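Next up, some structures in structure tokens.
Two complexes are shown next, each including chain A; its partner changes from chain B in the first to chain C in the second.
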Partner chain A sequence: MFVDLSTIGLVWPEFILILIAAWIYVGGTLAPGRTTWNVLAWSTYLVVFLVMLKNERALWHDVAAGLVAINGPLIVDYLGQVSRYGCLLLGLLITMIASRAGAERLATEVSGTIMMLVAGLMLVCRANELVFLFVALELISVPTYVLLFLGRADRASGEATVKYFFLSLIASAMLLYGMSTLYGVADGTTVISGTAEVPGIRGALDRLPAGHTSLFLIGWVMVVCGLGFKIAAVPFHFYAPDVYEGTTNINAGLLAVAPKVAGILALIRLVLAVVPADAAWGWPLMWVLAMLTMTWGNVCALWQQNLRRLMAFSSVAHAGYMLIGFTVALVAPAAGGVGATLLYLTVYALAGLGVFAALAYLSDERHEVDGVAELAGLARSHPWVAGALAFCLFSLAGIPPLAGFWGKLALFTGAVRVVLAGDGGVSSWLLVLAVTGVLNAVIAAAYYLRVIGVMYFTAPVTRVAAPGGMGAMLGTLACTLLVLVLSVWPGLAFRMADAADPLLRQARPAVVAAWRMEASAAFAHDGDLAGRWQKGGD
Partner chain B sequence: MCGLLAQITVSHYLVVGAVLFVTGVLCMATKRNALGVLMGIELLLNGANVNFVAFGSKLLRADALGLDGQLIPLFVIVLAAAEAAVALAIALNFYNNHTTVDVDKAEELKG
Partner chain C sequence: MTTGHLLVSTILVPLVGAGLLCGLSRLGRSVVRRTALGVTLVTFTLTCVLVARFPADGVVGDGFGVTTWAWFGAEAPWNIRLSVGLDGLGLWLFALSSLLMCTAVLVSWESIDRDEPLFYAMLLLLEAGCLGVFAARDIILFYICFEFTLIPLFFLIGIWGSEQRQYAARKFFVYTLAGSLLTFLSLLAVVFWVAQHTGRLTFSIPELTASLRTHPLQPVSWQLAVFAGLFAGFAIKVPLFPLHTWLPLAHVQAPTAGSVFLAGILLKIGTYGFVRFNMAMLPDATAMCMPVMLWLAVAGILYGALVALAQRDMKRLIAYSSVSHLGYCMLGLFALNRLGMQGGTLQMINHGISTGALFGLIGMLYDRYHTREIRQLGGLARRLPWLACFMLVFTLSSIGLPGLNGFPGEFLVLLGMFQRAWGDAPVVESGQLHVISVLAVSGVVLGAWYMLWLVQRVFFGPLREPRAAAAHPITDLKRHELAALAPLAALVVWIGMHPAFFLQRMAPTLDGVTAVTQESLRNRAGSVARMPGAPEPDVAQVVRQEGSTRVR
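Now for the complex of A and B:
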């Protein structure tokens, strides 16, 4: 598309990350060592974060006022802005947790690869073009394969890597095939949400002749399948337990968070954006996926004895809850389903990463904590770690008033609100969905509480060493602290997630060709929204 | 000759793409050798590439815009090469642990 210098100006943080990552790769071979390069990686994330904050003040003001700008392959809006900062933070946390990962000799490979992955995540946040989105998603997948490969050198790890690699590639190919169909159906444009001059796929689909609908459906379903793999939705979840079990705790934490964030963002950007407003076929597919995913994940997690398998099924279940938000958004775009999903994604990512960080703190490459029974008596031997782990698990279970509860509340009330406002047929289906979600939350509490019970009420069998290092400890504490902030101050998260909902944005005609256009006064600056942002986040 | 060519439309290319895709799926499902499975993946990606080129071709569709349809396969080909490089490392690692590249031997993790 029409790449100009302003596009380059918008993606400079990603460029910097990729350059520093390349530098870490090369420098690591010349001067091996863990600490120096880890410090470089941490300071890169911090410096990029701070410089972005300083440079993008005008941009923040525009997007907080509800402005949506399309620049070449990028879409600049509130969702993209917030999620980019979130991804940088995620990168900092993961690098911290992985500061002792792998062999000393390969330490720089790990931190460099994580940085590439973070650059990919940040690109997905604002992708508005088919090939840009695909390449950005691959920039997440390929580093994930490398990290799985670097994790450990035993039979289980090799098997987990092969499984993830091949299944992930099938999913990518399905996504690409679906994209090619969308490209063909939409008059040969690759831009997803377009402007008045360049209509984009969304605009082209509104003028679609009736005969093309079946081709479009094939493309849409294949895209959903490909992205469903990334968020581990049933029936594309079967890799998750095996891969999590086979790899290290750090890699399992990465797999539980990074592909899920990317998959949810891509679903919002691509799948929701290209559904015509009056389509009656979108929500039943999401409804079935959501029902299957949460129920199957929670029921299977009940009898798992391996911690990483348990967390794998729990991550499947959480993907199911997030799909409730998508179902709501497909039934009633203005009901705020996407905002609820984003809130839930944030809460899940922090708590899930916190759990794996705590497990990483208790493990090293010689011995990974595997079984639930190994945590027996952890509350006595490592009270802080046990406390943080229990806090994150309570949040995942959705015990009020922790952050996970607010996320579930937002999702379920979104569904119930549509039920109360809606007409007969659809609303009864959504009521079933909301009730199943609540029942699932109850089932989920059982297995989370079992782990907490083992930590607090069982006598220790073997003394758990904690060789994971300060980085993992700091990561655990940081995740727990962030979950705590979201728990005691959910209003901030609610407001930001609501403001980030792109479906609410599309209601207003605020689409421009270049984000710095001085004509921005012509677009609807919503004073109320800007005010809310000033109160909430600044 | 010219008349024969004029009858070829986008749909014919779509059939070729679909056949490539299905062949790739079958190849991945039946091959036990990890490198054979990798070839199946190449077929999958190329099936999608054929679609992109056909949809973007000015010769087949009067309303095709720009060169996007031809450029996307170039990106995908480069990606496939990068993935093949990672795949060889992963297959070598698997061979070191299992002394075979038979993916059916990847069956120890279950429950």
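Now for the complex of A and C:
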């Protein structure tokens, strides 16, 4: 591993975000006030987004052609590139929604901490080294603890925060334990996907004599457990309902999205990358996790009367769907399981954030909207919020033609392809998984419809004020619009998800072969930054 | 305007209309309902032009008015397209959808008195979804329209329904979704089976059907599994006994327009799906499942009829009669021969017209008396002569009086069934097929019984009205109600007198399906059941003979 100026050049946006976040912290004590700092935060995301877009045009061109570069602890590929922009967008949306979060005097802490978290997310997108990945994940966890504390000043909130804090620590410890086991087994390499000169974990394992499998398996399972906490997979989901219920709607939205994005990306980068192509032990674990997670999440959500508990269990269930993609990817790398998961993640994140944004719009620090019953008659009192909420809920339920359907289409396509490939036992297991998946979608529809029914079919009980402010409204609107765009024009998202699938990339020999010629061209206009192209993925 | 553009605009007009109505939400009730009526009338006019342009012999080759846009980008591996086109099977259901929506708007004219813009917008969305289902040539587009219809109907039942509307709306949605998601898996399986064996990923329904003829889904156990998945969605939609339990609840709770459209069109999506996918794509499994399907169909006929006999609520009675009538459609279709297939398809149209109208009439009675209890009403023919007259016409149409539309449909269905049982049955099952045919005929008697009994109790005998009704004057049919019923009545007579006009246009498409299933049936029987080359009886000829008998 070799870090030089070009590495720094690749992560400048993250640096800028952290610097501005620090500035917001410090500046907030000198010149308190919400609006100024919020505007600064919004414009930072926007400016960084636009400057990245302008500066990285050549990089985009190269990674879109399927190139992969290893640079220091970073891997530069299409997945990393796309997801970084996605994370920036997410940061913009969350900051918008949280523009009235917390007490007035702590307002800058909220926007600064969110910015730290976004920087962490962006680093996870391209992490290719164990320590770097862990630090990046912690850069997400630590701000989350702070945000949870900032959310509300009552006992429930305190309990939720402490619960999250300790469980998250245990999960991090498990992750670290797994990582160190992998490090030990893989002959002391910390690089995840390696090159010819610098072997990755997979490459190192291949070079070792046989007999390390069991230890490797322990490390791998530990990593899956640690990351399973991040995506709230059963049985690591226990914190989710309590923490969501105890915190604000805004924080619940953040918890439903940010750790999940990080966890899924880390699973793709670490867990999938180190599994041998012919391993028969990877998918059963994912299969069991997927089955448990989606069924348990959905069934528990059926009985919830608290909106945030309901959404917590629903977010657990969605993690289960995404694990279907991983199962498929582990059985048949070329079936597009990872791409499907990424598409599903995008759609889920937008719709889920939309739901919480709408709830945040209906709440403020004096009163959070809690019960499903509080939404009664919302279609009359706030038709647009009810419309947006219903739209996002229908999308989460996966009713066509809304975006959630496209996510489910991609996931189940992968499963069906594996089933049809007809590999005896695997095929029937995957069939069971697919059928359980669609039946789960029905259960999910039942509780989403309950919420929609309360909004549309019942008369208002209490008057719902909407003190959440302009930011939350804009956030709701933006999420709904993005879901709408994805519903109507899904083609681009599908292509991007497929292109971002690292396993598909490896399965596409033509692209890898075309690499050398393109790389020299990239060198010509990108100078030093992209100069050290290496063929990735061993 | 080319036919393709015409077809696309027919589907888009209600969509645009729905958007318009949401925008008009501040305007008064009369503007809103007039706009809605205008939109449905435009759609209906466009549909009439389409029907007029449809070749009279029904031979459309690759489809009629085919228009295709790449949805996911032309070069994408995901070749999902926005592709529409009509053929003999879809044409009449497409036309019926746009006609019944005019009826649905007219029957809601005065009965809907809150949130009208949303109500009519939902109706128009429902119409667009149904038009899309019958015109879709892309399997994913079909599925999208198929599922999308649930959303507007969920709101229609849940917001404007009767007392138990919330429960009914959710039960309807979840029940239907459960089946259709399994259908979704099966559709994906079909697509990827073909992709594996032809090396080309296509979502086009005609291409898939053609490919499955040369590379049928093998082994047969897989075909049966895919059949079962498709069955789950379509049988719930039909609804086939014993998966019908959502239907009476949804019908009774839905507003009149919802019931009209639910009975008239949405149930037909199930039967349509059986023909389009199960029969055309999985002929071997269809041949194997034929006896089971016929048993289910006949069970539905008898069960629906017997339960209808016991009903006290008029709307429930008609809902159960739907179960019975849809049993006839399925019986005809799964007779898997030319007569039965055409009869089943014609019966879909007939049921849509007559049951749609019956639900409309019961809604009109409910608007006047605020009750649907049979016991509370009696002798209304004296009070409401025109309403009674229409009721009688549609009742007679529903029980299959010769000269009205029910007759050719039911007759062809039974003829097809008898031909299957005695004419060209595979040897093994002929015993049970005989029993099924005889039982199916007895359903006709039961159908006449419960319908005529209903008319007798409600419209004849001494006048009996609920006391509360005396408060306001009871008037006979108003202009908009007349306008809702008259076209349907005209169609009842037209189909009854000249079914060939309708049969000719659907025949070639249905023959294509029949040819495939016949071959599978023969293969299954192990030997050629009929003499090779012996022609099947010509339907037009049968109809002609039947017409001449009637004239005599």
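The definition used in the following text is that the second predicted complex is superposed on the first by the 503 of 538 C-alpha atoms of A that agree within 3 Å, B and C clash if a C-alpha of one lies under 4 Å from a C-alpha of the other, contacts with A are read in each partner's own complex, and residues count from 1 in each chain.
The criterion applied here is as follows: contacts are C-beta pairs under 8 Å (C-beta built on N, C-alpha and C of every residue); 3 or more make two chains touch, one makes a residue touch a chain.
In this text the structure is predicted, and so the values were computed from the model without any measurement.
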| item | value |
| --- | --- |
| Touching partner for A:137 - first (chain B), second (chain C), both, neither | neither |
| Contacts of A:145 with chain B and chain C, given as first, second, both or neither | first |
| Which superposed partner A:125 touches (first chain B, second chain C, both, neither) | neither |
| Contacts of A:87 with chain B and chain C, given as first, second, both or neither | neither |
| Contact breadth on chain A, by residue count: chain C or chain B | B |
| Partner chain in contact with A:227 - chain B first, chain C second, else both or neither | neither |
| Contacts of A:400 with chain B and chain C, given as first, second, both or neither | second |
| Touching partner for A:274 - first (chain B), second (chain C), both, neither | neither |
| Touched partner set for A:290, first chain B, second chain C, both or neither | neither |
| Common interface positions of chain A, toward chain B and toward chain C | none |
| Footprint of chain A on chain C - complex, ascending | 71-73, 76-78, 140, 143-144, 147-148, 150-151, 154-155, 158-159, 165-166, 169-170, 173-174, 177-178, 181-182, 184-185, 188-189, 192-193, 196 |
| Of all residues in chain A, those that touch chain B in their complex | 1, 130-131, 134-135, 138, 142, 145-146, 149, 153-163, 165-166, 169-170, 173-174, 176-177, 179-181, 183-184, 187-190, 241-243, 245-246, 304, 306, 309 |
| In the complex with chain C, residue positions of chain A that touch it | 394, 399-401, 405, 409, 412-413, 416-417, 419-421, 434-435, 438-439, 441-442, 445-446, 449-450, 452-453, 456-458, 490-492, 494-495, 498 |
| Contact footprint of chain A on chain B as seen in their complex | 10, 14, 17, 21, 24-25, 28, 34, 37, 41, 44-45, 47-49, 51-52, 54-56, 61, 63-66, 68-69, 71-72, 75-76, 79, 82-83, 86-87, 89-91, 93-94, 96-98, 103, 106-111 |
